[in-house]
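Each structure below is given as structure tokens.
Below are two complexes that have chain A in common, paired first with chain B and then with chain C.
After this line comes the complex of A and B, so read on.
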């Protein structure tokens, strides 16, 4: 955990981007949507949450992967194996860490809406998918810039333009029953496959 | 300690190492070779970073990828070093301590010892990105010697160091060399002469020489001549001009000649021996 703390500290100002999005941008945008519309704005707020929250989930993982893939002397991270964690385990820990931040946002949402926990589950699974995609693509391309661009392009295109596409991990609606999570199950399965694929590349590349 | 058996490594169609065989004991070895000779590839194979196409690297007679102690006993300085640029030097060292599995209780003393030996103890609180190129190189050396490793592989450790830093590096190696194997890859012959007991010369992926510094010097015995420019054409047989210098207004050539000449030969240096080998004047 000390190494993960130092890896996050090494991100310096970039570390604060996800908390700023989660704790300032998302609540303010949701509040503005509620103020501007009459009646129940939950579907709009769900769209805002799905647009901002999952797309920044891969931020910390990609910046950590950058050190492993692009920094001068990165081979040291693979030579000193005795205490090294796998990148896969780092991805899972970072997803859990991000999830804890998202919980705080949703605790705030409970004061605004009745049903938020189905949306919460959908959002954390979407976050897991985008972390898995970033992990897989970074190891595949040996680069973190392309996955970062793909991450934001995917989120923007499918959230803002083609939400109902079968290729979209996002969903419209009220998220008020278990039926609204049917897509999330498929997304979770694809995320697991991406994690598995990434882990296989990691093992092959770094002789674990 | 470390045995390299019949090691070959290719990248695509290009074979970089050709059946390399070495046995390295608790001594300081200099790995000499021109750029592109295969020094870094050999060191990376020895550190377990590259999987060879053929052959193996053994640590205490056990393949390194199966050896539990190898990665704990290893100190490695890569050719390029400069990761975690936003961390302080101390934090970067702390990270490496953790990677090497050094207990946290020992970290502070180990870091202080390593930073003192490279004269960076007063820079512990500075961010890596604020250090000069030479300081980053010294930080790289410090991380390699953290935790008292038994095997130290240094890939061009003196590149970018000024003369006083190089002198300090040589002292550090002298202090460290007891009971451990240190392999220093370089193309600076002078560094090998100053701090190594043995030399390995590699050229186009093949080991040309593996022996003591004295043995390498002796290869150039009776082959080195320092003669006036005007007499240079009188040298018979295969020759190679090592150096052109000026003394009291006259131009002199330091020449390696395959055949015995009519002039008095010079006492050979390590560089003369090395050049004899790579130029085929043996």
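After this line comes the complex of A and C, so read on.
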């Protein structure tokens, strides 16, 4: 954990990008949407949450993976690596860490909307998917730039241009019942497969 | 140099994390072409297909940033730079070889896009040269120069930031997001939460400067066929800037001392020049969510200002003659001389859209003082002169005039019109049709790189004639049939037969309404099809009939055109919905499958609902924002419930009243006539009062 702490600390200014997005950008845009519209603004706010929150979930993981894949002398990072200290476990911890931040945002949302927890579940699963995708692609390409581009490209395409594609992990609707999480289970399964695939590549590359 | 180039190409091909994604991208591009072509076969909408083609453009650019950065950074990862500097111009030659190698890499997808666009053009068989030229420009700007921008930015980041990957990643993400509509919502925060329109403008100013794909991902507005994709001169200037500026940054790394300083100075100069040219970009078609954009600029502008109604305003003079000297470059520059019929007034008022900056007003004796208040110009006595010359320049977000296209309809105040006229009607949510009360003589000279089409006779952009409004259109626009002007790329081209049919329908209708004096003859007038997007933010511009020409957003068939013309004649008063229903019944277009047609209307219930509606309207007649904010929670709930109830009841009353009066009533023909007179009169009477009066009369008649 100390190593992860140092890796996050090493990001300096860039560490604060996801918190700024979560604690400043998202609440402000949601408030602006509420102010601009009349009636029930929850669907618009669900769109905003899905646009901003999952796409920045892979920020910390990819910036940490950069140290392992693209930094000079990266081999040294694996010298003192214990069995538990895998990149995969780091990804999971970082997802949980991000999830804790998202919880705070959603606690704030409860003061604005009646019921937000189905949206919360959808968003954290989407975040997990994008972290898993970033992890898998980073190890596959041995590079963190391409996964970063793919992460934002994916979010932009499916949230801005092709909203109803079956390839999208994002959901439309009111998020007021379990039916609104129709894609989430599949997304969670695919995320698990990506984590598994990434872990197999990681084992082959660094543990053998 | 050649060896260096070959070596760079080999390094690229041997690096699996570069070459593999590149070849995957090429394969995906081919598959994407298949998707786009299928989209065309399905919808037969060329601009929709081209929008699909342009959508992933930013990802290609970002991918080329990745390729160029990763290829160039190898020099720094392997500490080659010091070694290369030991040769004469070693580093410079290496950078040159890398850039040429990268140009080779991007050439392949660029050519693929170019060939595909050419194929699509041949396939659709439009055979319209300006459209072909437009497509060629599209290929060069969107799939050529923008890709070069990508490699220059990637190489420059490698040269300047070296292995600081976090900075490179962050800048790339910011660049990518700024080239999509990702920013739409956050950029509206300053305006919506803090009412800071200026901050929003600054944010978009910054975004526009970084935009290398003018039709960005996520933009759901369709492309206007007369205009095509945004490719104004400023877009080319920006493309040039984003190639030259990174190039000078790269060069500063290759040279020492004096040359380095000179290059730094050059890059500063390029920044200044780029920003300077960008700031005077003039009329640019902005189709997005910003307050300044085409769909929102005018509605927002007029919504924020107190409304004064000038519908009955008497100017006290008329303009007999206009002499116009117009230069259309990046925006409209005009010198307009007007001859007025009454030079003895103490005060003259003119209307000129607020986007045009008035520089001077003069007579033969010299300049005159004037005051400008929004759309209005006030001038004192003319001291006997009957000719005034206005000199102004500027733009409108909707009625553009630049090097790419011109869309200036005669009913819009882009030249001074006599008296005070409203430009925007918030009740109808549309532009007020401001044609002159009289026919004036126009002599117009236009300097433009485009062939301008005008309602007056003339050629070579010089026109002369008499009309009550001067319409100018240019761009991908042509005379598609005799005296019919339209965008040749559009599928729905107007035909004279449709216009004649519409006239016949209306003549029959006016006879049926016993109002022969209202008959319009327009079948032989010049017909100008205006962009369909004119009605995007306006309910009043479907059809405008002027003294010598018609403008219409479409003309698919006679009945549709006749209905639109009738709609343009009627004034909707307090309910647009009821007027639309009236038109449906007038043209026998009612939907008889609607559940409303299963039973006849109960007139007593209808009267009760009208009473309820009038009671609710009266109860909250003096409601304003301040009062609403001062209400307690309970009062607000009651108010919101009453509003919802009013909304529902209003819809019901409109439906039932229209059905009864114009469909069921034994006096339906008379009712149609009464409401025609009502909708064409200046009366302020509420339509519900008239409905109630007629219904009560009919009930009494039935009882007796």
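Here is the rule we use: the second predicted complex is superposed on the first by the 204 of 208 C-alpha atoms of A that agree within 3 Å, B and C clash if a C-alpha of one lies under 4 Å from a C-alpha of the other, contacts with A are read in each partner's own complex, and residues count from 1 in each chain.
We take it that a contact is a pair of C-beta atoms (placed from the backbone, for glycine too) under 8 Å apart; a residue touches a chain by one contact, two chains touch by 3 or more.
Note that this is a predicted model, so its numbers are computed, not measured.
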| item | value |
| --- | --- |
| Chain B versus chain C as contact partner of A:179, first or second or both or neither | neither |
| Contacts of A:166 with chain B and chain C, given as first, second, both or neither | neither |
| Touched partner set for A:156, first chain B, second chain C, both or neither | second |
| Which superposed partner A:3 touches (first chain B, second chain C, both, neither) | first |
| Of chain B and chain C, the chain that contacts the larger number of chain A residues | C |
| Partner chain(s) touched by A:11 [first = chain B, second = chain C, both, neither] | both |
| Intersection of chain A interface sets (partners chain B, chain C) | 11, 71-72 |
| Chain C - residues contacting chain A, complex | 17, 20-21, 55-56, 59, 62-63, 66, 69-70, 77, 163, 165-166, 168-170, 172-173, 176-177, 180-182, 185-186, 188-189, 192-193, 217-218 |
| Complex interface listing, chain A residues touching chain C | 11, 14, 17, 25, 28-29, 31-33, 35-36, 48, 51, 62-63, 66, 70-72, 141-146, 148-149, 152-153, 156-157, 160-161 |
| Partner chain B, residues of chain A touching it in the complex | 2-3, 6-7, 9-12, 67, 71-84, 207 |
| Interfacial residue positions of chain B with respect to chain A in the complex | 44, 47-49, 51, 65, 71-72, 74, 76, 78, 80-87, 91, 94-96, 98-101, 104, 140, 143 |
